[in-house]
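Naming follows writing order (A, B, C, D and E), and every chain is counted from residue 1.
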Amino acid sequence: MKSTAFLSRSEWIGVAIVAALILVVLPLSVDGFRLNLVGKYLTYAFVALGLVMCWGYGGILSLGQGIFFGLGGYCMAMFLKLEASSVENTKIQSTPGIPDFMDWNQITALPWFWEPFRSLPMTIILVIAVPVFFAFIIGFAMFTRRVGGTYFAIITQAIAAILTILIVGQQGYTGGINGITDLRTLNGWDIRTDDAKYILYFVNAGLLLGCVLIAYFVKHSKLGRILVAMREKEDRVRFSGYSVAGFKIFVFCLAAGFSAIGGAMFALQVGFMSPSFVGIVPSIEMVIYTAVGGRLSILGAIYGTLLVNWAKTSFSESFPELWLLGLGGLFIAVVLAFPNGLAGLYQSYVEPRLGKLTGKKSDETNGALPQGSPAE
Amino acid sequence: MFSDYSLAELGSIFVMQGFAGLILFSVFVLMALGLAIIFGQMGVINMAHGEFMILGAYVTYFTSQFFLNYLPSLFGGYFFVAMGLAFLASGALGMFIEWAMIRHLYKRPLDTLLATWGLSLILQQLYRSFFGPREVGVELPEWMMGSIALTDSVEVQINGLFVMGLTTVITIVVALLMYRSRWGKQVRAVVQNRIMAGAVGINTEKVDRYTFALGCGIAGVAGSAFTMIGSTGPTSGQLYIVDTFLVVVFGGAASLLGTIASAFTISQAQSTMEFFLSGSMAKVLTLLGVVGILMLRPQGLFTLKVRR
Amino acid sequence: MLNVSDLHVAYGQSEVLHGLSFDVKPNEIVAIMGRNGMGKTTLMKSLMGVVPTKSGAVKVGETNVTTMKSYERVASGIAYVPQGRMVFSTMTVKENVETGLTVTGDKEVPGDIYELFPVLLEMKSRRAGNLSGGQQQQLAIARALASKPKVLLLDEPTEGIQPSIIKEIGRTLKKIRDEKGLSIVVSEQVLSFALDIADRILVIENGSIVREDDRASVDEKKVASYLSV
Amino acid sequence: QAPATSAINTTGLAVTDTEVTVGILHSVTGTMAISETGSVQAEKLAIEQINAAGGVLGRKIKFIQEDGASDWPTFAEKAKKLLVQDKVAAIMGCWTSASRKAVLPVIEQYNGMLYYPTFYEGLEQSKNVIYTGQEATQQILAGLDWVNKTKGGKSFYLIGSDYIWPRTSMKIARKHIEAHLGGSVAGEEYFPLGHTQFNSVINKIKLKKPDVIYCAVVGGSNVAFYKQLKAAGIDLSKQTLLTISVTEDEIDGIGGENITGAYACMKYFQSLDNPNNKEFVTEFKKMWGEKTVIGDVTQAAYLGPWLWKMTVEKAGSFDVDKIAEASTDIEFTKAPEGYVKIHKNHHLWSKARVGQVQPDGQFKVVYETADLIEPNPFPAGYQ
Amino acid sequence: MNAAPVNGVISDQMAPDFLLAVEGLTVSFDGFKAVNDLSFYVDEHEIRVIVGPNGAGKTTVLDLICGKTKATSGSIKFRNQELTRMSESSIVKAGVGRKFQNPSIYDDLTVFENLEISYPKGRSVFGALTFRRDAAVKERVQEVAEMIFLENKLFERAEFLSHGQKQWLEIGMLLIQDPDLLMLDEPVAGMSVSERVKTAELLNKIIANRSIIVIEHDMKFVEDIAHKVTVLHQGKVLSEGTMDRVKNDPKVVEVYLGH
């Protein structure tokens, strides 16, 4: 039986294992370069986590999560870029003190919307606020009009395309297709050093675990059950007196917020941001991380992201010309053979045995919910 | 923006842009028809649609090579052969994919998106491995490459006319198939309720397989036609996928007429705006317009209203 | 006409039908009675090939249909009116009926079908999903009849139908039985309707047939007691 | 008798007594694979030739190839991997400016050496990069002068893909046209990468009737652009078109018959008639097949390993600092393009040439500058 | 919950003691008038049964009242609140509950959770996040579960209930909201005889605090529960009154009951 307590015992164990993995095991067992890669992958896990909430639980498939990852990342990158573009660093430019790409594009003064990013506190607020606000606008417009299912998915895809074209097309203001590169310091602290990378890795992992806890909190609240209910029978929820649109907007914004944090951490750890995270391809890939992990499994999102990225990196290192075959095959295999992803595998193979061992039935099984198919 | 041009110029601008819009319209319809069947009718979100188109384009390329090398005298007509072969090749691949993959996913429509995304990666890589990473140049018969001058400043392009004609023919055939034939009825029944369709005597597996194959085959023909105006490379298919889905969705997924209306609206909007704005802005505004209208009419331009 | 022998059906691990055997002769209406969840729908679905048969055999006339797919069974002469109607909701009424023609190859729906259900003719170009519940039920029956079956399976056909039409359906079923020599299997919870139409009544309980009565000799009280516990 | 490893490798690069490892970092998947494949082929050829000739400081070159997958962040990740994990002595890689911009901070931070082969926009100079392609002025000015003088080009219609290189190039072109040629710009347009619908701009060109269409459309869009141009009845033997982005590689996809008559301003064409090139073309085809073509960037990529080898041998060390130092004035007399020399700003001195496309997809060279052009990535007056 | 018009200052002709007043209600689908200038009134504490031929417009009337379908013209006053202009969720909050023709419950949730979700607290996004399953909630769920004969199935997944139990669960989900007007569309369809009897008992029990509108074709069941019967035909009232009166109305026999 399930309680409304914040986390059940087995969930605590699960979170503890993940925490041990990313906070202890990985930092101890892989070298700095690989750890930095893991850190980068974990920033995608924020997006996957958001998708678990919004797609797995809420039944809202967004193919545009890159929008929010990107906006969060760009907000952070704008701050870092401004810091890197001090008058001193940019004295060879015709207008010193503005980012280099602006100078290349004959812009002679910092555009107004860059101004807030001179302040770190303001930037931290905007990293979350801008994407969430954007998600709110999209969500409000779509969900109150009852756009859902595949339609929503395709529309988010279109919005991702729009944003990409805008960023690429307005390169004087955004850095265009190159993105915002060569980020160096955060309030004077060099983020490119190996020490900084270690610290950022742990900050990132800590934030991710924080988001995991938030996700669990939401899942176990009544709101979590309403989400499941909504995915099943939207009309029934509506006729139980709930504003369905409101709940959808909330979970969409939540997912956007998570993604934005991921994006910001990405910019910090990798040292640049580019439109190639905003578009359709990365957005779909992130959905795939979620599917591989198990769309209903909060922790699965993390494992799925790590697995796919690990596969991608090692396939592409070993077979630079053929790795797409392996990756494509992996996606197909997951969808066809393990529709509930890693979490499904765990539930059908590992857990029963664990159950036998401990003689107790754990309650993570509600992750084994049959697929809601939220499409029309 | 208008002040740059004289009145006479504006006149020919509109004629020429209208014609350019019509070509774009045909292109959109051609791209979208296959998907209108696969996605609109069957509900399969086929992210590999572009790769099926490119298969058609490659087939066209190889046919042209074959004719150049072995039947140069018949080169002028090779394109028709190529289109037929493109249809068969993409259709056959579609049939195989339906059997291997899609049929297991009818109960999980959103999962088709993920699986076909994987498929598109695989196809791209296969094309790259077998046909090389570079784009191939498809040589066209000379008669297709010219244009007919109507007035001094207004010319119509023969391949544009050809695409328009082709689109018209294919659209009519598809419309007849879907709305006038017994087959179309069976397709729609199967899509609505696979189990019940079987229980009224429809061989659902066959219907599914051939419908999917038909959609893919049309994609192949579209790809074949696109060699006249676009590039043929392993990743060229990716360029079309968002536009194609938007056209189908904007039209109202289940409606063929909607697909056509939406292709018309989008193409005219885009080609007119492209003339006065930059290419990027025209695209952004068109997409924004589409998204905006979809908010107002969430089920697209043409919808079947059925009570829930 | 329909011959069922030792039919076992299971959903995954759990067996729901435990070896049913019965015959339905041409020109006969058999009512399957039983409370909720006793396996009536499961029986219908397995006869139709919608759920797989675990063991046992089903024959239509001389044809063994046990391993056939649904559509092949339709071709062998079974037609099915499911519980919950399952009309093709975005297709018009006319098109819905015409889907029944798949196996006969006819171009036109036999006129007598619309005679049986005049409301369908009236609404023939309306989307089936927009019909009222009862209208959809009539449509489902019409669709089944369009395939000119030898055996007609009806799963609780009176659910949601107005009393006068229930009576009408009863008359109709008897009429088509007589005119077309049909075998009809109808599942029911409502005794009065079953008594009205059936030549024979089978009572199913927990997946087994527990009682069989000819209409002439039916013990109403006994049957009723099975239906209300 | 190769020098001792400890003496020539003081910074822990992957150099052994018999081997030295370099990285090849290009896209072999994704949209850019079309263009970058040639570069990979050229680099592999150069490495093979160098090894056959005894290697570098007596060490055979071994390469590790990574796929940038047409994705800039992946380039950065792989560059870092090559430097940090594999400790490669140099990287031959990148094609688009975007990928270079992504890789540059990594190369500088970990003090690597990058040989970058593509004609690019300039505005950059790094101790850690050798630019073996042209910067903007080397490609643009000579071509414009030529078209102005021989074709009487006064009004220009500028078309490009929408990113930094075309925009910067067009900026320089416009300055040159307006300030030095006394000409005018009839229109300037940019299209998203991968754009395939050019009917509108073609209509505009027809109305404006410019003397010259000046083009910097990259990748697959070219195919659409030239086919549509031809279909619209614009005959390139009558309408002058000068491009800075179409090489033999792109023509492969466009089809020679669709672009016959167009002019391109490059530093290298496969058809260059000199002994170096004859040998290069023969060797290249021997290795990669009779049907392969060689474009400007492919040749520039071929220069990378050779220039590196000569620099290492001049410096007598694999250390990056020493190589960066020693690069200035390195000459390569066997370059297929003729002769090149590294400027102290790490770009190459090279000639500019104009070729006209023939129906078979090859260029006929119609003009070349008399002298090598000095590279100037920060051209005054063109900013 | 909401202010009933008790002060006697009634300006329109509607009598104040009606819980629900439907007047001149019309809805047309592409020209077809499914409900046509319909008027009827429901009292407090009344069980009203609506019968009528298939396609008479019964379900559509319920759709209109609960806001699922928007009226073309006419008014629906619930305690003097005009419902035609309110959103679905605010109609529910005003005290109107609706059960659908096919049981509409959350298969993936337990009976307890199904009822808890319908508990009328924590309906806003923030409220739902902070909602606690306290003693009052548990007590209320228990109470309702007993009413609907499911007290032993509280922790079973709803998917595994029998058809009749699902129907009851849905009724329970409405009851827990304590609505003033409960609307049930064919609640006993597919129920066994004994379940029908129990359902009738249930309805007669819960009527103390509310009014109920039931649509049903089972005359036996109608007889068991109806205070008053409205017969709809082609979107209009054909006949209205006690069961006895209606049953013997020749018009009703003609179009509905049959000979």
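Convention: contacts are C-beta pairs under 8 Å (C-beta built on N, C-alpha and C of every residue); 3 or more make two chains touch, one makes a residue touch a chain.
From a predicted model like this one, the values you see are computed outputs, not experimental measurements.
Trainee: So if I look at the partners of chain A and the partners of chain C, which chains show up in both lists?
Mentor: Joint contacts, listed by label: B, E.
Trainee: How short can a path of touching chains from chain D to chain E be, counted in steps?
Mentor: 2
Trainee: Report which interface contains more C-beta contacts, comparing B-C against A-B.
Mentor: A-B
Trainee: In whole angstrom, how far does the Cα centroid of chain B sit from the Cα centroid of chain E?
Mentor: Taking the mean C-alpha position of each chain, the two centres sit 49 Å apart.
Trainee: Once you find the CA centre of chain A and the CA centre of chain D, what distance in Å lies between them?
Mentor: 36
Trainee: What whole-Å value do you get for the distance between chain C and chain E if each is reduced to the mean of its CA atoms?
Mentor: Chain centroid spacing, chain C to chain E, equals 31 Å.
Trainee: Mind checking the centre-to-centre distance between chain C and chain D? Centres are C-alpha means, answer in whole Å.
Mentor: 75
Trainee: Touching at least two other chains at once: which residues of chain C meet that condition?
Mentor: Counting only residues that touch two or more other chains, chain C contributes 130.
Trainee: Tell me, which residues of chain D touch at least two other chains?
Mentor: 28-29, 162, 190, 192
Trainee: What positions in chain A touch 2 or more of the other chains?
Mentor: Correct list: 165, 168-169, 235, 321, 324.
Trainee: Enumerate the contact residues on chain E facing chain C in the complex.
Mentor: It comes out as residues 29, 51-56, 58-59, 101-102, 162-164, 186, 189-195, 197, 217, 219, 255-259.
Trainee: Quick one: in the complex, what on chain E touches chain A?
Mentor: 66, 68, 87-89, 92-93, 97-98, 100, 104-109, 113, 116-118, 120, 122-125, 128-133, 155, 173, 177
Trainee: Which residues, counting only chain A, touch chain D once they are in their complex?
Mentor: Within the complex, chain A touches chain D at residues 31-33, 36-37, 40, 92, 94, 100-101, 104-106, 165, 168-169, 171, 176-179, 181-183, 192, 270-272, 274, 276-277, 316-317, 320-321, 323-324.
Trainee: Residue numbers of chain B touching chain C in their complex, please.
Mentor: Contacts found on chain B: 182, 185-186, 188-189, 192-193, 195-205, 254, 304-307.
Trainee: Could you list, by residue number, the parts of chain A that touch chain E in their complex?
Mentor: The touching residues are 1, 4, 217-218, 221-223, 225-226, 228-229, 232-233, 235-244, 246-247, 250, 366, 369-370, 372.
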